[in-house]
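Next up: the structures, one after another.
There are two complexes below, and they share subunit A, which is joined by subunit B in the first and by subunit C in the second.
Then we have the complex of A and B:
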């Protein structure tokens, strides 16, 4: 076949595989983050523009925790993995109670409010941790020998942990009483309250869970990426893209869309440029919005 | 049991109910009659705390207007809303479980509901939205009865149902009277109301008018023309 028209050099297979691996790691973290956004929108009907900042806070808190706790890197990291999502979740629950609840969860008002939260969290992070990117040491540094190159074993752990967490969320939603309460509230909050479900507490919990998922994703990725007060933008954009493509409230859709976006981002960024990857993803969103507004797996809104 | 006085209620800035007064006694079936748009559904929503309201709604000595909505069912008030409003995406079993939400263990109550409406037992894994109209009404009744209410609010429970289903609903409601459950029933079928009701209250343009017993009403058919006739 004649490839002379192709404007880029054909990649070496090793590069392609590197792109695929990077894409899988990105997909894993993205799936967690997008799942948080999707839960909040699904149950509360709120577009949380501050979602990326909860992610950023998770990463920055991971830096703070690991730099306070000495000893083996795995110790500080494990503590961060528990403490950071809890703190971020608590902050989210508090901002739900103090701000969103007072706005009666009006869609427009809450968008404005979460934009405000975005800037406040960003500035506080800048104030406390400064403008520099902060590294977090990975809990261990195994390298796995692949046919083409050695690869960080930690990244495989990230993928494994993300899969476990996704399964955990699925079990929570589909198999537990708390999940049933959340699904009932999502479907009809007024009727849920007519059967004794305290809707405002469910909302605070869901907002905390959504933020906590973003924070866990960030803690997992920060040994690979560094913490920075402006790092919340990309995850926010990509999460929106994933949620739109996957379809709201569909766990399966979120996973599939995260894989699609993560893999194509990883491969295209490695082989060509990250900008091309974002352009293609945005194009895909536009196509989905035009031809299948309910997303690939979403159900048509009534 | 339930004592409503000087109630005002509405949606946002629109006030629908004004000066509403009504009482329901234990073991009584009290019917609310009025034209479409008179405010019957709004009155039930006001009791449940789903609309803005002012005034007094006393239930067993407690003031409902100062409780958050989720505390109302916990006081033993069951609600079957107009149009049933099942959790259509959830299964029959899950809808029932939500009815049992206010209690710790509900296995025995659940069995009782399935004995009352055996057809639901055959459809436990099915999504509630896929049930027939009659089955949906059974599920809405079972869901509300699962919290073992002492006060039951029924909003047009026979709307769109076949005669056999209407008969079943009527039997369930009259059986509840034996156990001293108080029922506030909104119904359009006047002849059905006259057969089961102990007392009737008319509601017109958001105001409650005459309250009288079913026997008294039989002697004053002109009231039916005035408040529900066309």
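Then we have the complex of A and C:
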């Protein structure tokens, strides 16, 4: 095909394929992180601006745990995969109890409070962890040979793990008693409370679960990227984009939108410069919010 | 009383030691930014998370006009203010279609796009590194704005004009309607006012104040950089206003002074000085939603405007 009319230089097909693969890995982690944000928004009706910092904490804790344990990389990584989300979840539950609950979950006040939490978590990590990016070794080293290039097998494991976790969350929400209680609280907070559901504890649990999902996503991706105290910004922005495009509080929409954003980010950044891609994505999302506040896939008013 | 505040600021200019003299000039410019933020947040009840874009519009409008087009400071300054107001109009028409949390996120997104844009055109803006405006160009009429004493007095003058304009605005009928919208938008609509028009007006005025602060910052301190477009500078005016007292005329000045010196002091102790910003935000929203002046007004002095 003749591509000479195309205003951008067409990348080599191998590069494009690499873009697609990177896009899929990004989508998987993004879907987990955005799912956390979406759950919190859906059930508690609050926007958690500190979500990216919970993600960052997950990565930083993964570094801390693996460097303390030593031995075979897989051992430290497995421990990190369990410990980091639990610690982050506990911190989230504590901040819910200490701050958000006292604000009666007013939407505007909680945004201001979570901005404050963002600064506190970020700056404390800077103080204890330092300003340097730290690597975490992948649990195994295994490369898959593709026709054009070798590809890290670990990245496929990331995608698989993310899919399993998402199925897990879906089962939890749709098939268990806990999920039923969460959905009841989402549907009508006061009615749920009248039926004896401990709304306070449900909220603390949901906030912890949301933060824990972000932390798991970060632990999974940290062998590919590096842990850094400012790494929470991009996932926060992208999760926002995903949640808004997918429809606030819609589980299915979140996954579809994560795939859309992750893939297009992977492909677009091989065509345009990443900054321009981000500008376009951000403006697009602002426009979606202005003209279709219920999201592209959602039907309910936000 | 407001005359007294300005007189006190002028006197301070002669007695302050050199370091605080420079810091205070900076504070006054940032206080103009906070005053503008308060018009939107404190009086009209709209919480924007994207005011850095208006500040940056003023800063870059003035800075680039001087740097690239060779305009004089006297021409570039009003141009910067106009840039802020124009951006406010465009963003307002779009963002005011949303309410509450939607408005906060849309303004945040627009500001983020603005920040990335300032990085994208690195050729002109020099991105994070920024550029300086040559000292020779920083003069209006015979006034050399890079001179510390002149700079301080110009900052006081700017603050004074901004404060009086705001006082006049909030006491005018339009200002009353803005407060009515904050208290109950639906009822204001029932009374026959068009809330969208007044909200848009508040946003444009607020953006013009932010643009003026940005333009003045560029001319007075001669530095233009992308940092001023970052989210940090959208959060700071919110913090200044919350601390000083939302919906008060001089609260933003008090908030700016306290917060500036608090951050200044902690940054001499630790690199994690933004910790103070976070703790202050959480503490304020939890225990003192009305800020310093707002609390004083409620308890002892109902006459404070």
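What we mean here is this: the second predicted complex is superposed on the first by the 289 of 302 C-alpha atoms of A that agree within 3 Å, B and C clash if a C-alpha of one lies under 4 Å from a C-alpha of the other, contacts with A are read in each partner's own complex, and residues count from 1 in each chain.
Just so it is clear, a residue touches a chain if its C-beta (ideal position, glycine included) is under 8 Å from a C-beta of that chain, and two chains touch if they have at least 3 such contacts.
Computed from a predicted model, the values in this text were never measured in an experiment.
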Subunit B versus subunit C as contact partner of A:111, first or second or both or neither: second
Partner chain in contact with A:195 - subunit B first, subunit C second, else both or neither: first
First, second, both or neither for A:181, with subunit B first and subunit C second: first
Of subunit B and subunit C, the chain that contacts the larger number of subunit A residues: C
Partner chain(s) touched by A:119 [first = subunit B, second = subunit C, both, neither]: second
Subunit B residues within the subunit A interface of the complex: 48-50, 68-74, 79, 81, 85, 87-90, 94, 97-99, 101-102, 143, 147
Contact set on subunit A toward subunit B in their complex: 177, 180-181, 183-184, 187-188, 190-200
List of subunit C residues in touch with subunit A within their complex: 47, 49, 94-95, 97-98, 100-102, 104-106, 109-110, 112-113, 116-117, 119-120, 235, 238, 242, 270-275, 277-283, 285-286, 289
Contact footprint of subunit C on subunit A as seen in their complex: 47, 99, 102-103, 107-109, 111-113, 115-124, 126-127, 131, 237, 240, 244, 273, 275-276, 278-279, 282-283, 285-287, 289-291, 293, 302
